[in-house]
Every structure is written in structure tokens, then in C-alpha cells.
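The letters A, B, C and D name the chains in turn, as written, and every chain counts its residues from 1.
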Amino acid sequence: MLTTPLVNHTTTTTPRAYDGHTSVYLPTVATIVDVKDETALEKTYTIRLPGGQNLGHVPGQFVMVSVPGVGEVPISITSSPSRTGETFRLTIRRAGDVTGVIHTLQVGDEIGIRGPFGRGFPIETFRGRDMLIAPGGLGLAPARSLIDQIIDCRNDFGRLIILYGARTPSEILYMDVIREWQTRGDIELLMTVDRPDSLWNGHVGVITTLFEEIEINPYNTIAVTIGPPIMYRFVTIELLGKGLSPDQIWMSFERRMKCGIGKCGHCQVNHRYSCQEGPSWTYAEALAFEEAL
Amino acid sequence: MKPKVAFFDFTSCEGCQLTVVDALQTHLGLLDLVEIVQFREAMSERSEDFQIAFIEGSCTRESDEERLRKIREQAGVVVALGSCAHLGGVNTLKNRWSIDNVQTYVYGDKGKKLYESYPARPIAAVITVDAAIPGCPIDRFEFLRIVQLLLQGRKPRLPDYPLCVECKLLENGCINKQGRPCLGPITRAGCNAVCPSYGDGCEGCRGWAPEANFTYMREILRGHGLSDGQIDAEFTMFNHYQLQQMGEKTPVDASSLSNGSHKPAPKTKSKFAAPKEA
Amino acid sequence: MSLYILPKEKLGIFVEALKANFRVVGPTQTETGYAFEDIDHVEQLQLDYNTTILPPKKFFLPQREVLFEFHSDTHHDGRRKIDVRPVYQDVEPTVIFGVHTCDMNGIMLYDKVFAEGFRDEHYVARREQIYVIGVECLHPCDEASFCKDMGTLTAPPIYDLHMTDVGPHYMVDTGTPKGERLLLDHIDVAMARKEDIQELGRVLSAKWPQFKLRLKISKDQTPSLLALGYNARIWNELGERCLACGSCTNVCPTCFCFDVHDESNINMQDGERVRLWDSCQLAEFALVAGGHNFRQTKASRVRHRIMRKGKYIKQVHNLLGCTGCGRCERACLVNITIPGTLNALHEEMQLESGI
Amino acid sequence: MTENIRINVHHVTRVEGHGNIVVDIRDGTIEKCELQVVETPRFFEAMLRGRPYNQASHITSRICGICAIGHATASLRASERALQVKLSEQTILLRKLAFHGEMLDSHILHTYMLIAPDFLGVGSVIPLAASHPEVVKRALRMKKFAGDLCQVLVGRHTHPIAMTVGGFTHFPTVDQLIELRKQAEDLLSDVAETVDLFSHLPWPTFERETEYVALVQPDEYGFIDGEIASTDGYRLPLEEYRQVTNERLSSHSTAKHAAFNRPSYMVGALARFNLKYGQLHPRAQSAAAHLGLYAPCYKPYKNSMAQVVEIVHCFDDAIMLLDELIARGVEWEAPAPVTLAPGARGVGSCDVPRGILFHEYQIGETGLIEEANCIIPTGQNLANIDLDMRALVPTIITEAPEQITHKMEMLVRAYDPCISCSTHFLNVEFVGK
């Protein structure tokens, strides 16, 4: 279809195909096979690549999600590799342009997917350790990929402690799954909200207040904290206070991203590209760059 | 159903509406997306049932306020079309004097009372405005882009960097480097640096860039040999109203404005307040 | 590789012959300076020129580049379908004449950034069709350049051909086999003789004293100087002055950051995803949804740029991010310069450490 | 026969600016019959005080989006005459060419988009595009040329950029001019069809003789500079424009009415046609014959017909200018120098699509404007429109009120009034005069 383009730029030559090569920027067209409302702001999308191809990711990685005509955004993969067959899941918060339009999409609609990208958590090196996972808010989305992976080979790990903080009870993600975790018996799960409502009878306070309630073995624990900058900064202080060394603490750095492949420059944290060398970093690594914390 | 749009004009030259007519000529497909129900300059058909109102022109008399409010009540989305509506624009040049002074100058002692007028202002000073398409006149491509964003239900966004970005991408020789004034460094981009591309310095018709560094812009212009009065003349061609407004809270050349820090600046009187009548 | 002699009067024939098979671009005179433009007649080609406003990077990474076209549509069953098709823009056999040695260093960095790691096929497709013909700088462009400090006064090994003006003729060095073919296929030239090579040596050694040093430190010290100076006072002073206009990065041969966005046609179904040059000096560069800006102040953005030029790019790609071309200095309206900044930082650090 | 008629057209459509038509007939006598200009006053003359002279053309082009190049030209001529600037030949050629761009754009817009719908029985150009697509497409092709011409020369039509005191800040390349020349050549058949289209429309025959005033030049049917001439035989230098315009205030409009030797006079395409028919390009003359338009013509509705003739003329003249520029090549020239002196004064004038436009400035030694006066064509036409309406009403009084209203609106539209421009008038008594 020929329509007049909306821009007053002209290219010097007619674009032509460069045969035999695919662009790293070209998304794969995937289909939404399920949409689930999580909270007022978040929905979880189950997505199927063409032919049910496996995404092949590790926990902590993300994909670039495209809505042609609107744009592309990085979104963490929330399903664990152990449970990713022909589909995978993304939990997306309505935060602006692209995510706003994604929220209007329904089952059967197509979207673009690139990835997975980034460095995930080196889960092999966590084997045999006690795991302390402390997500805040939407941080539970990427954390869940790791948690489910651990649950699926539960015997390979020591304790599994989850400390989850949300702003209000209505913002708690995956309540049904959390109930399951609570009843399993092999997960120590504590939750808190900053601002309770009338029905809430659990813990109240910021996430760091949960640390008073747990004892950990500082020599054998790996901690993972994912959330907004203000939150992981304080959690880190708690963890160090509990005797963990900086290389036992993992965190995730979310920056503006436009390419996902370490070129566009937006996600740089000092000289590091968080889309490539991150988003998962240990605190020890992060200490080396001023812009990280 | 196609959204219904209407065009209105207040004090202006109608050049922005003319640009809309141009945009319709080059992009007839726009008529497949929206239905134009009122456009006095171009058509006689008229309906008061519309969702999106484009308003051209500044508000320059009290009796226009009522008309503006009526439009606001009816429209789901109100868009300021062009510099006059968005900034007050060139109309605000008269605000440097009392209304009586300009009325007398133009209509004489006898005539001045015949015609109502008050200091010119952007329409946002009277009603809530949802989006603005800046420029004197507007850029037709930006107009089309913003219509698209509105239709997608997105919030229209304007570039929030200075004009120099577009100018450099076009590889223009810099006007300021040639010792002639250009307000590109403090003006919001989006017109594809059309004035510098045609050899003339930017006059700031799109309003200030969010981080406009007035202090150093003044320095640059002083470097060209401009007096403070001439610099004021450069700054005020379209933005007299804004500078006056800022003048109440911050002096125009307060360095605190320039560094992205938002600490409140000391209170001083605007340099741009109306001069006393002789 | 090999050295040939191209008499000056034959340049026109060479250019004409190339034009039959290639898009030929090179430095031309504009109203206010020089710019790389298409060469229609050989008289337009100015091989002895002062640095252009934009570096030749615009041929390697166009200011606006379509990455792919899309079509999105609502199907009869009410489902939203999308279709994408990659676009490789400006891929055509191109010869770029007259690239200064500083700019060749910029191209060398671009090759590392875009052809290594995740291969950027858009870049590679174009790159494979570009021939770089360098030109040896025999005198400094103007006071803004500091190529000698940055060690970019000699041609890096990315050129296909490299020309040195030795008076009556150009000595042409072939940098690649494809460059050699380009030359020999399009013009009849003789190999350089021994005395020609001696003459070349004389010209080359005569040029060095004409270039001044502007930096108070050696280029190899910049990474450590910048590491020390992360919290220096100078960043705040520069941040105060900076106009956040992005001119410095847009004109820089080593800046490659970009923005990506979608542009829809008027029917709102077809459109293009395009990449545009972006600048870390602009407020939105590190802003994320929700309003947090990882580089809120201009001071932090100016620092980021200088850090990239003198440290970060070196850490990632093992090349300095500044070629000493002086473009940012010429473009800046408030006189923020690389040598000025590094020298001032050096002084501040010396004062601080009491030296 | 209708004894009492009240017509109140609030905001006449398809004109530039806001005007109301008010007719009040009681017992068969006209109590009121006028075009009320209700556009908000803008005070441009007052605004210009204290501004640097080189801003004046950019400020005054904002008086009107349709005649922006006209205002810029008049403004530049005023400053240039005040500051004793000698323009280069190239500048004069480029100015004329840019002026044609605007003349064509405005005339095509007016005849095709604003006037034609009346004759073809639709409310606007949008239904016209459905009912007569070929007509609208032709108009768009021609308008595109006008727009491209303006863009290549001065950056854009509405608010030209590259025009400055003493010359230009940007120059077209010869290649661009050759391209435009080709475009113009390709449109000649469209131009011929335009003439044909308008020759078949049912033009109202209403007639009223009046005085016609336009700028005349010795050797061309031109639009910039020259002398003021009237069909009553008067000739005046530009400096004496006040004798012609003689503005007086009117309580029913924010624009001032003008009168020269009679109670009113007319400016615009028809006035120019009546005064200098003989200087039209040959093809424009035969177009006039084809349209059945002969000088002198006293039918105000045919002002639009005269615009069609001028479209032909401007096309041919633009092609001639393009040829000349292509032949001599275009050089980058710095603007011609100015001479600043205390109290320097100058009048600039050009015949814009709607008629003669005057700008007069007094510029101080430091280059700041001390006094300014602008007289706009529609302002000059207002008195004549009122008198036309008064003469028209009795001839159509037996028709249905909607018919009367429609014919009145068409009459006003025929003048192509630029109401937003017209709301400026003088009263300034220059100090020391």
C-alpha cells in the first residue's frame, strides 16, 4: 500500500533488501495466547513464538517487546526456563506509551519479540546455597523466573527465603502463586506492605523491616534483590549488615534501552552496557562503577 | 466512528489553519481518520458536535474568554494550534505597553474606546489545554504526527531538546558561529531547524526548550555585539508572555534556571515588565 | 601495500571513471566551510580542506535510517496482525574521497562497535560497499584540532587507498587488495620509484613540526586522569555553562548512540521503525518511565561525554573515544573543549593532590 | 415583496478573518447594510515601536498567513527606502519570483477552494473533492507549484524566512530553479483548463462603477513598488499614499474605511486589471477574452475572474523570471548595506493579492523603529463593499432571504477579504509632520 510518509526527511537512495541477512533489530512476530489481570496496573501475557519455538532464556534475562507504530520496550521474562515450553510469560505494567498500548491487546493479537538479551543469574553457581530473594513491587516479575527455577529443582538448593515488599496490598503480584508458595513448607516467605488497607493483617513497613525477622547463614547465602533503585540500596545495606559479602549479593539494573544489544548507549552505567553485561550484577561488580548505586 | 474535529481561531493570522489546509492537501488520507465538522476559514458547513478542538490564536480580549470556555466544555481534547495559542506569540509584543497606549497609538484618542482589548495571552491562561502544536506557523508534519498520537490515545509529546540538534543533523553552518543571533540553543526543536536552514537565526517561535540556558545564551548574543535591549528584543519576539511570567518568579538570566536544578530563584522584578509611558 | 603515483591532472579522470560505477562523495566547499557531499564534477572535490561540520560517519550511520517497515492491521476475526520486513538503507557502492586521518580513526571505532559483538547488518551491508580513500594531513586544520595529542595523525589501517599530496602528484598507498583493484581498474597509474618514496618521506617528516600539542598530559594518561577526577569540581562548572544542545556529540566522529522510534504513515497501519542519532547530552537520554532520570543534571551529562571520550570507550573497545578532530570545540557555543577540560581537570587533580 | 428583512451572518465563512454581514430592511428601506469586522484588533503598528528594523518584516508577516510574503515585501521595502538600500538586480528578480509564488497560492486557494464551491453548489472544498475530484486535484497540483516556489526561494509561504533587509539569507540553486521551471511548464495545461472552468460559471451580473486604485509600473504588470494610479486619472508617488487612503474610523468595524476621490474605491485584482490590462502577458490577455472579461469591468463578483487572469499572468511571468535567473545563475550575495540616520523614513508598497498594501516606518539612528503605519487592502475595500451591498440589496430584495444571504456572502467573498489583516489602521500623526 502506498501512502505518503509522514516525515519530511528523504533518504538518499531507495532502501533495498540486503539479501540473505536478517536484521538484529527485526522482531519475531509472536502471538499472545493468554492475558491475565494481575493488579490495576499489571497484566501477565503468555506469548507463543512461531511454531512454539522455545525462547531459550535464563532467569534474569529480558526480551524487547514491539508494538509496531508505537515502539519497543524491554520486559523481563517472568516464566522460568524450567516451565517454558512453547510459551513464555511477561508481566507488564502500564507505564507509558508502549506499555499503555500493550494493555489494550488481547488473546490472538500479535506483537514483536526480540531476545532474550542480557546476562541472567548464573544459577549453576548458586547450587547448594541458601537462597534469599528480596523483590520489591514489580521486581517479583523477574524474580519469579528464578524462584520457579529453584522450586523445580528444589533439592539442589538449601533454604529458599523470599522477602517481598509491595506498596499496598492491591499491588501484590501473583497472589495465587504466593499462597501456593506459602503452603509448600519448603519456602520461607515473608511479605510486607508500606500502606495497608482495612483487610490487611500482615506485616506493615518497608521491605527492610522484614530482615529483623530472619536469621541467615552469611557464609552460605546468595541474595538476589530486584526493585527500584531506592529499594535495592537499602536492602543491600541490610544484607551487608547480616554479614554477606558484596559478591554474594545480586541485583538487577533497569535503565532506558533502545536496542538491547549494547549499541544505542542509553543503558550505560559508566562504561558498562546494562543490556549486555547486565541487567544482573553482583554488588561487588556494581561497587566498581559510580553510576550504579 | 471517526472522531469529529473542529478548528477555531482567535487573535491570529490564520497561517496555522492555512498550514492545516496544506497538510490536508498532501495527506488527504487524514480525512479517512477524522471528520472535520467546523473550519470557518475553509468551509461553510458547521456543527457543534466535536471531540477534538484545535484552537488557533491568542486570547486578547475578555469577551473571547467565554467562547473559549464553551469550546472547552464541548471538546474532550483541546489542542493549542501554533505559537499564538501556545505561547501568546507575536501578539504579546503589545503587552510591553498599557492597553490604553497601544489603543491610542493605533486608533487615536477618539477611536480607542471602540475596540475592546486586553493583554494578549496563551489560551492556556484561560482554559485547560491538553496539548500544544508549537510554531509560527506550525510544522505540518508535526501537526499530522500529533493527530496520530491523539488518535492512538497517546499523550502528544514534543521534542524536549533544543533546535541545535536538528540543525546539526542537517549540517547547517551555525548562524551563531557566524556572529549572527540564533536562539536555537534555547528553543524547543521540532521544526527541523527551518530558519537556520534558510540562513536566518531561530526566533524562538516554538517556545523555550525545557533546559533553556538563558544566562549563557545572553553571553553568546553579547559576544555578537548585541546590547541588552537588542537581546531582549530577540528573546521577546514570541515569548514575551513567558518571560513576563518567569519574571514574577525568577529573573530571566537567573543561573539557577539553567542547570537542571529546580531550586527556587530569588524574587526580582522582570526586566520585561512594560516600560513606563513617556 | 604498494605505492602508486597519481599525477594531479589525472585526478579528474579517476573521479570520472569511478563515477561510472560508484557513488562518489568527498569534501566540498559550502557557504560556511566544508561538508562531505556527492561529487558531480571533480572541481567540487577539495582535498586540501578544513574539517567538515559532520564527519563522514553520516555515510556509515545515516542521521535517519529505516531499520524495517511494518504493517499492522486488524484481521476479519478482530485480531491484530503484524508484518515486518527489514530495510537496508543507502546500501550502494560508494567511494569516500579525502577522509582525514582523524576521521579514519572514527571509522575504525565504528567498525568495532557495529561489526563486532551483535553484528549490525544494516551497518555491515553498507560498510562492505564503502571504499575509504584517505588523505594525509600536511598541516593542521585550525586551532581547534589536536590530532597530534590524540595520536591520530597517521592513517589507521582501515583505508582502501590513502593519498599524500607531494606537489605535482599524489602518492597513493593501497591499504587493501580491493583498494588496489579500485585504483588499477579505474586509472592507469605507475608504481612509485625509489626517489618518489624518498620524496614522500621528506613530505611526511616535514609535516610533524607544524602540529602543536595542546594537552598537558599524554593521551595514555586520560583514562586514569578521568578515573581520578570523577567527582571533580570542573563538572559542575561545565554543567552550568552547557546548553544541552547536543551539538558536540552530533558532530563527533566517534559518537554512535542512537534513538529508535516508530513513524506511521497517515493510514496508521504502515510505517517504519527508524534509528536516529541521539545524544547523551540531552535530558531524555537516561530518563525512564515513572520519571527517574539517571543523569538528571547537565554536569553529570557533560561528565559522561568526556568520560566516554577519554575512558569508557577505551575500556570497552580498546580505542580512545576522541580523535582530536576538534569538531566539538568548533560546534560548541560556550567553549567547552576536550583539551580545555582535560587540562583543567589535570590542574585540579594536581592541586588536590598537592603536587 | 418582502417588506422586512433581517439578515445577520455571524462570521462569514471561507474568508480570512472574522466578519459579520448585517442587513436590516424595514418597510422596504435599508436601515442597515454593512460588513462588520469583528476580528480582534492586533496593534501591529504599536508593537513595531522599539523593535530593530530587521525584525519588522518577520513581525509584520504575522499580520496575515495568506499574504505573508506581501507583508514581508512591503515591510522590507519600507525599511530599505528609509535606510537608502540599493538592491541588486538578483534580489529584485528573486523578490518578484517569490511574490508570484504567493500570488498564485492565494489566487488558487481563493478561486478554487473558496469561490468555486459557491458556483458548484457545495459548502466547501471537502464535498467538492467528492463531487468534482478532477477540479480539486488540478487545484492541488497548481497550488503545490506555488508552495514549492515559495519554499525553494524563502523557506515557506506562510512567514517567509530567507527575505531580509537588503536581500536574502538563502539562495536557491540553479538546479532547483530548473526543476521549478519544468514543474511550471507541465502545469500550463492545468492553467488553461482553469480558465476554461471559470469561463463556464454563472457569474452574477451585478454592476456598480467605482474608483479603482492599483500600483502601476512603467514597463510591466508588476506588483512591487511603482506609483499609485486610479481609474479617475490620478497618479501619486508612494510617499503620498495618505492622500489616497484617507482612513477614517467606523464604529461597526475594527478596521478603518478609506476614501480617495469618491466615497469609496476598490483595490485588488479587478482594480489592477482595469488599470493595466494592456501590460498583461499575451496569454493572460487571451485568457481574459476567453473569460469575457474586458477592461473596464464594474462587476465586483468578477474580481475572482480577474484573479484567474492573474493566475495565467503570474505563471507566465514566473517562467520568464525563472528563465532569466537560470540564464544568469544565482550568486550568494550578502545583503546590501544600510545607512542609518536619525529619523529616517520610508514607505514600502506592493500590490498583494487583495490590493495595495502600504508600510511606512521611521527608523532611528540605532536601527530601532520609532513610528510605524500599515495600511491593508481589505481596509481600503471595506467602504466599497458596504456601498456595493447597499446597491445590491434592492436588486435582489424579492428573493428568498436565504438567497439574499447567499448572494451577499458571495459578494463579500468575491473581494477575497483578508479580514484579519484589515484590522490595522493608522491614526498616527507622525511627529514633526
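Note that a contact is a pair of C-beta atoms (placed from the backbone, for glycine too) under 8 Å apart; a residue touches a chain by one contact, two chains touch by 3 or more.
This one's a predicted model, so the numbers in the text were calculated from it and none came from an experiment.
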By C-alpha centres, the chain nearest the middle of everything shown is B
Which pair wins on C-beta contacts, B-C or B-D? B-D
Averaged over CA atoms, how far is the centre of chain B from the centre of chain C? Could you give it in whole Å? 37
In whole angstrom, how far does the Cα centroid of chain C sit from the Cα centroid of chain D? 51
Please report how many Å separate the Cα centroid of chain B from that of chain D, as a whole number. 26
Mean-CA-position distance for chain B and chain A (Å): 42
Would you give the residues of chain D that are in contact with at least 2 other chains, written as numbers and ranges? none
Which residues of chain A are in contact with two or more other chains? 3-4, 6-7, 69-70
Name the residues of chain C that each touch 2 or more other chains. 31, 63-64, 264-268
Where do chains touch, given as pairs? A-B, A-C, B-C, B-D
Which positions of chain B touch chain A when the two form their complex? 26-27, 29, 141, 144-145, 148, 152-155, 192
Parts of chain B lying in touch with chain D, wherever the complex brings them together: 9-19, 21-22, 25, 28, 31, 36, 39-46, 60-61, 64, 89-91, 93-94, 96-97, 101-103, 105-108, 110-111, 114-115, 117, 136-137, 194-195, 197-200, 203, 230, 233, 237
In the complex of these two chains, what residues of chain C are touching chain B? 30-33, 35, 52-54, 58, 63-64, 239-247, 250-251, 264-268, 276-277, 279, 282-284, 296-299, 330-331, 333-334
So in the complex, which bits of chain B are touching chain C? 27, 29-30, 32-33, 144, 148, 151-152, 160-162, 164-165, 168-169, 171-174, 176-178, 184-186, 209-211, 213, 216-217, 219-220, 255, 258-261
Contact residues on chain C for chain A in the complex? 62-64, 66-68, 70-72, 77-84, 86-92, 113-114, 117-122, 124-125, 230, 256-273, 275, 278, 280, 285-290, 292, 294, 304, 307-308, 311-313, 315-316
